[in-house]
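Two complexes are shown next, each including chain A; its partner changes from chain B in the first to chain C in the second.
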Partner chain A sequence: MSQNNNQPASFELDGKTIPFQAGQTIIQAAMAAGVYIPHLCFNPEFKPHGSCKLCTVKANGRQTASCTQQAQAGMVVESDTKELNDERRALLQMLFVEGNHFCPSCEKSGNCQLQATAYEMDMMSPHFDHFFPDRPVDASHAEYLLDFNRCILCSLCVRASRDVDGKNVFALSGRGIKTHLIVNARSGHLADTDFSGADKAAQVCPVGVILKKRVGFAVPIGERSFDQQPISATPHPMKQEG
Partner chain B sequence: MTSESAKKSPMTILKNIHAEYLEPILQHHRHSVNNLLQILREAQEHYGYIHADAIDHLSVALSVPRAKIEGVAGFYSFIYLQPRGEYRVLFSDNITDRMLGNQGLLTSLCSQLWVEPGKISEDGLVSIATTSCTGLCDQGPAMLVNNIAVNRLTQERINAIAELIRERVPLAAWPADFFAIEDNIRRKDILLSTELTPGAALSAALQRSIEATLHEIKTSKLRGRGGAGFSTGMKWELCRNAPGDHYVVCNADEGEPGTFKDRVLLNSYADKVFEGMTVCARVIGARKGFLYLRGEYRYLFDHLQAVLSRRRQQNLLGQGILGCADFDFDIDIHLGAGAYVCGEESALIESLEGKRGTPRNRPPFPVTNGYLDQPTVVNNVETFAAASLIALNGGDWYAAIGTSVSSGTKLLSVSGDCAHPGIYEYPFGTSVAQVLADCGASDTQAVQISGASGVCVAAQEFGRCIGFEDLPTAGAFMVFDHSRDMFEVARNFVHFFAHESCGFCTPCRVGTSLLSNMMDKFSHGHGSPYDFAEIENLNGLLQSMSHCGLGHSACNPVLDTIAKFRPAYDQRMVHQGYVPAFDLDRALSQARQMTGRDDTGAHLERDHESK
Partner chain C sequence: MEAATKPKLRVATTSLAGCFGCHMSFLDIDERLFDLVKLVEFDRSPLTDIKHCGPCDIGIIEGGLCNAENVHVLREFRANCKTLIAIGACAVNGGLPAQRNHLSLASILEEVYHAQHGLVDGFIPNDPELPLPLDKVHPIHEVVKVDYFIPGCPPSGDAIWKVLTDLLAGREPELGHGLIHYD
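And now, the complex of A and B:
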């Protein structure tokens, strides 16, 4: 584990030399060096999860999630290749058809990482047949709305509530295609949990599930983060490590 | 019981009712959240499902949020958060059950009991649904009633079961022969024929040094019998060398469709399995072991507990085993609850820790970071049984059997179109043709080796051999004669993967369902050459992006059957151009069902099909 600190260790990512500190994963080191690897369930403030698989790269020829794969000195990593981007596009299409995503009417449009990443990966159609799942909205809470139609099961809210807020407001239940987000209340309603707008969990959703009420469209479409510049050029909305 | 308690409805009384059965369970499991799945399973055995009040009680008693309890419960097919009836009937739905007519029997039982498949009867008496392979393919069709296995279903047996349920006869009073699970051992080799006096292998191991015992295991060239074939000696050594509290885990989550050898080993050779685990404990320095038994084998639980307590009396488990002052080891049995993915070793460990059975990110591997993040050996039932014989007779003896790459013998679970389904033990290197001849198969079209995730072998390949160098297998050997439709075989397996995907990673969660829908599209006569390309693409994605082996192998049955049994697909391909999966007329079927109409006026014109 102990690294010789005189010469920072580095690996090669798409021909660029990326320095890293011991313990960093590929995406953490890449992000610190300002290199974008598409991702959704990864957020530098939280322990990597490795579920969305969008950040998959080829490390020494072997495909692996770059958010969980530890960087190793001399490693040769491919990320921005046609093969990988084609596969990432297919994963995005899967996420789009799995839920109910109607970007034109979504409050998160322009600030949504799923939408922005789909633009980044040149996704022009959902390609697959839509599943059209039945996912009722939870509007029980006075301040916040949960629109489960947009959930991509990244579990960032689960991790934020558990690890930062110490509350466990959210959890995943079910299995397979029936996996779904639940809240910690016997009624199943957010209003009956100890969720608060000040929670970290209120701010981490990369899509439009957890929304503050009565501020919809305060920033007009066209002026939002990813309307200004693509996600690959946008520093991560959260504080970066390192 | 459920309806009675609901009548005395004041909240406090209800809570007491749940506390009454939960407290002893909690105490037995030391109020440990690591035993959450076991606690839920036992609670359900008492009450039929996990009542919301029971979750409240557990949440307080275990100091865990109720969302976590619901999250764990919701992962497992056999844990219910809603009432599912006093009698919960699940028909095993492996392709072998289908070939033996399970669908007709399910329909018959549903109509006799006035209940729709997948639903609960209006009086709350019974629910009838399907479940993944229950490991009784040699004596199917099979079902589980309140998680207890019933075999050899016939129309007579179904009629009798309908009557027993209608009369509310308790399961314990049902005819014993309904539950008489047979071993069906057809061919014995060293593993099944060697007599092992309990303790003999352990004594032999204790007479050697620990290093010498490990050396024997390595010399034997024993490889894991779960299918992947990792060197057992190396696994034990890696674990032994890792610092921490060591654990031995026996993977008896035998969920691969068509596999049932572990059922027989645990039923009739449990001593060999436990002795192998104990030898492993000696080598790696473990004080604690687990047998993770699939929920479908619930009926073996009491028998296995009895074997364990006898072994404790014989000083083969517990403190100072066989007088060895520095050797304490004991084994607990944990039951699964209907989740195939828990056969993956890191998912199994998560499940052992009372969590959702999601495979972990690897590395690190269980040998260094397993149960409770401690060094853990996870081996298959058959591996431990073989290890006991190696401890007894030495590594050279074992290595001399089989082939140079695959030493020893392999148990095959033979089912499907053959005269003598059951367990066959062969030295590695035996050909598929030899097995087919021995089991009385004729007119064989194909054999599915190693279950849904394995490989489909066609007639011209029957000269191939069982072994890691050619056809590695966890043991399933399903035979299909020429009357069988290999497309339906693949479709059954694809539905299985979609049902069993854990849902953690995007490609497997969504991809297995997409694949399932594509196979249904073919089945409905809407397949086109375009869909073949789609399946190829999906396979590529699942292979490269999935989190674990389930996703990696989910497309195998389709690719194999497309390559080898293309006519089964072609005959479903009415169209050469692209056809959407959506079928307007079929979409109206629910409306037809609700209105009770099926006349021509209730159908759309089908002139587009004549093109």
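And now, the complex of A and C:
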């Protein structure tokens, strides 16, 4: 890595100079510099998964997931461009029509990263035809509810349960369009696992799948995280647990 | 105001599978209604009680499609309106009525008219005047081309005003933070 006069190595992101440390990915360096790159499956506390593709940028002219691409000195990165934002919006629209995202009845509304990212990308309509899939809710656990209708397959609960809690409560099963979140119990029910509210996995869902029961719509509309400021102005949305 | 010399734009509105909440929110533009009626006149709308839509500049659709009549009305609007706007969650993504989509229509009718407690001798209404329910509830863009969308349940009066004034001024409508809402 070329470093002159103790100047940190840097790359260019939308015309702005972003310093980085060896080993940092593009999104990590951007986040540290306070520059927002849209993302859903990335969480700074976890190893990247690179699956949602929202954070795709053009690095030296080639599209790449900024959560998995290591920063390199002198790299020229484009992120906030019409072309990339149009593609991000299309990805969001596909996520919305593949599940059942009925925001008015969701307790996560206003604190939801999917919703806030869609606002950020000016998603005015779902564009595509809705799948309206049938995904029953798992309300078996005494304290937590799983509403699979809202799952975007980010795998954050899988990573948190496996890597932090050491429990492997969640997994993604199936392939392609049939990929879905499962619970590691013979019955398939959360109540039959050792999942607990103290788990990291209980805190990381960016959407409204893993919800604490008996909380409801605790914060009034207008006072929720993304009512107050857009997600692009919220450096670490995961810390704003709703 | 220069608009006084311009011909007024004709606007039609309707509620399909909606709750009229978006129309109520439209009325929440309050005294700005006085500014609006200087620029537009209403064709078919709950505000005029005109039953069929004539040639219009702007059509505003609240609600999704849950029965055959909704589809006919939507097509009448599309055929007559130069610009069609979907207003509110139900028109945009099916909204609350679409929450029935994971159930079979037969089981819903059975539950509502036969099985529920207290429905002695209940029967499923079959009057030919009643529009037939659709198997699934659909957002309107799945049936006709929609030019603009105002999401929200309901969208705020300010969001509706912003889109209308942008359109009337010949600008591309833009909501931005605080006005764009899905709930």
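The working rule: the second predicted complex is superposed on the first by the 231 of 242 C-alpha atoms of A that agree within 3 Å, B and C clash if a C-alpha of one lies under 4 Å from a C-alpha of the other, contacts with A are read in each partner's own complex, and residues count from 1 in each chain.
Throughout what follows, contacts are C-beta pairs under 8 Å (C-beta built on N, C-alpha and C of every residue); 3 or more make two chains touch, one makes a residue touch a chain.
Since the model is a prediction, treat every value here as computed from it, not as a measurement.
> Looking at the overlay, what does A:Leu156 touch: chain B (first), chain C (second), both, or neither?
Once the two structures are laid over each other on A, A:Leu156 reaches no partner at all.
> After the superposition on A, what does A:Ser125 contact: first (chain B), second (chain C), both or neither?
The answer is second: A:Ser125 touches chain C but not chain B.
> Quick one: classify A:Ile177 as touching chain B (first), chain C (second), both or neither.
After superposing on A, A:Ile177 lies in contact with chain B but is clear of chain C.
> When the two structures are overlaid on chain A, which partner does A:Asp134 contact: first (chain B), second (chain C), both, or neither?
After superposing on A, A:Asp134 lies in contact with chain C but is clear of chain B.
> Per the overlay, which chain contacts more chain A residues, chain B or chain C?
Greater contact footprint in residues on chain A: B.
> Looking at the overlay, what does A:Leu146 touch: chain B (first), chain C (second), both, or neither?
Neither partner.
> Of the two partner chains, chain B (first) and chain C (second), which one does A:Ala201 touch, if any: first, second, both, or neither?
A:Ala201 contacts neither chain B nor chain C.
> I'd like to know which partner A:Pro230 touches here: chain B for first, chain C for second, both or neither.
After superposing on A, A:Pro230 lies in contact with chain C but is clear of chain B.
> Once the two structures are fitted together, what part of chain A is touched by chain B and by chain C alike?
Residues 129 of chain A touch both chain B and chain C.
> Sort out for me which residues of chain A touch chain B in the complex.
Checking each residue of chain A against chain B gives 48, 50-54, 56, 63, 65, 68, 87, 90-91, 94-95, 97-98, 128-129, 131, 152-153, 168-179, 182-186.
> In their complex, what parts of chain B are in touch with chain A?
It is residues 52, 55-56, 65-68, 70-71, 73-77, 339, 356, 361, 498-507, 509-514, 517, 537, 540-541, 544-547, 580-582 of chain B that touch chain A.
> Which residues of chain A touch chain C once you look at their complex with the stated criterion?
96, 100-106, 109-110, 115, 118-119, 122, 124-127, 129-130, 132-135, 221, 227, 229-230
> Write out the stretch or stretches of chain C touching chain A in their complex.
Going by the criterion above, the answer is residues 86, 89, 92-96, 98-99, 101-102, 136, 138-139, 141-142, 146, 148-151, 153, 174-178, 180-183.
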